[in-house]
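Handing you a structure now.
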């Protein structure tokens, strides 16, 4: 997808559907997280690596625009990219698609904090570099 | 709360916490829905009344700004109001607070559709009037 | 309910329904936990009190028998009682009802462990006594 | 695994963890469903095929025995097999493992019902045969 170099696949679980017969809108928020975790796994040793170094990444903003419903057992592709990493903050943008169809667009913002004190802590250089490398890669 | 005439209480479930020791950010999206359902129950006969008349209200946008973490077993107050109801669309705004502290701000957008065809369907007059009455009430 | 002296009410959330139009069976497992937490809050200072003293209660068994479907926005009563508390283990039994109808029966088993080492730790006397008092109370 | 001819992999999502730092016990119930859905997809055209023929499979019993905690981002293997298919009922048994370690054992029971009337309906011959073929296969 244009401007995105990373994607992961999710499959809509029955438990994620609701009585409207579609995937519940809160499930999308979990799928964004699944994509971020896979992204960090691919490019930066995994979210656990971040936690192991005494940091947590808190979610400070979530925004999802739903274009089409998603249905049980469908395979969706979640494209994501990390943008605007600076200081103790970074942001992800997402496109969730089903084949050629845009199902949802989203963005999330995050702040890195010390795991013990929960005080904002600059994104470490190794992580910033891993993200820069990931985002400058040819898709 | 200033400008809000309706609120409901939720209590953070252990299942809603995550390994950061706080309520997972996707749980907030569910709490917004709990508040909308209670709002409709109070002012418009309940969401089931809407469904019983052949309509569904789809969620088309969700946006949450997280200001503070929420913790297991805490009681939070979710304030909500319905704004911008027109045609087949309406929007809710929310403030989630813990006592005097602002925990999160949010908004959601919705479209009413026919339950069978999923085509956009004008918000029925009885619902629009119920909302107008609710929102013009003194808190 | 015969033999049960504690109950709490839950209301089926829309997010807890699935594409069968009923509450998803995994939601019941969360409701059992909600009831346990309320029970401990009523009789033993809350689950957080247990955690604050350096213990966690792990869930080692869950068993649910579903008799009837539960539907969106319904109010269900979850009856629960603590049985067989001995050593580092205790067990809860549950009846979930809607008015006079039995919706589900369940039981869960738990082990208390040290929060740091996760080694089994005898249920402390204050908790055992709180439970004994609760269970010997007249309903 | 001895006696099991089907397995699927799941990966523990951050949203599935709780404040004990482990996967919440209700998440396991969802993983069992993921395994059943994959099983039906492999051997019987998918759960949607069952729904498309006017049936639903309700869950009537769930039982999980937790042997070890599961942690964020771990890959677990869920083994499952369909047993005791007769009349309108069938049962699944499961082993959830992490490498050589047994993490959990579980079983679920199900009843097939008519999608409109929710009355018990004999498991159709094509499904019974698909299951028989699956279960008689060499692993």
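Chains: A, B, C and D, in written order; residue numbering restarts at 1 for each.
Here, a residue touches a chain if its C-beta (ideal position, glycine included) is under 8 Å from a C-beta of that chain, and two chains touch if they have at least 3 such contacts.
All values reported here derive from a predicted model rather than from experimental measurement.
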Q | Which of B-D and C-D has more C-beta contact pairs | A | C-D
Q | Of all other chains, the one whose Cα centre sits farthest from chain A | A | C
Q: Note whether the interface between chain B and chain C is symmetric in residue numbering, meaning over half of all numbers used appear on both sides, and answer same or different.
A: same
Q.
Which of A-D, A-C or C-D has the same interface as A-B, meaning more than half of the contact pairs match by residue number?
A. C-D
Q. So, what's the distance in Å between the C-alpha centres of chain C and chain B?
A. 28
Q.
Could you work out how far the Cα centre of chain C sits from that of chain D, in whole Å?
A. 24
Q: Averaged over CA atoms, how far is the centre of chain B from the centre of chain D? Could you give it in whole Å?
A: 34
Q. Which chain B residues reach two or more other chains?
A. 14-15, 26, 30, 33, 72
Q. Across the complex, what residues on chain D touch chain B?
A. 14-15, 17-19, 21-22, 24, 26, 72
Q: Within their complex, state which residues of chain A touch chain B.
A: 20, 25-26, 29-30, 33, 56, 58-66, 69, 118
Q.
Please output the residues of chain B touching chain C within their complex, sorted ascending.
A. 13-15, 30, 33-34, 37, 41, 46-48, 72-73
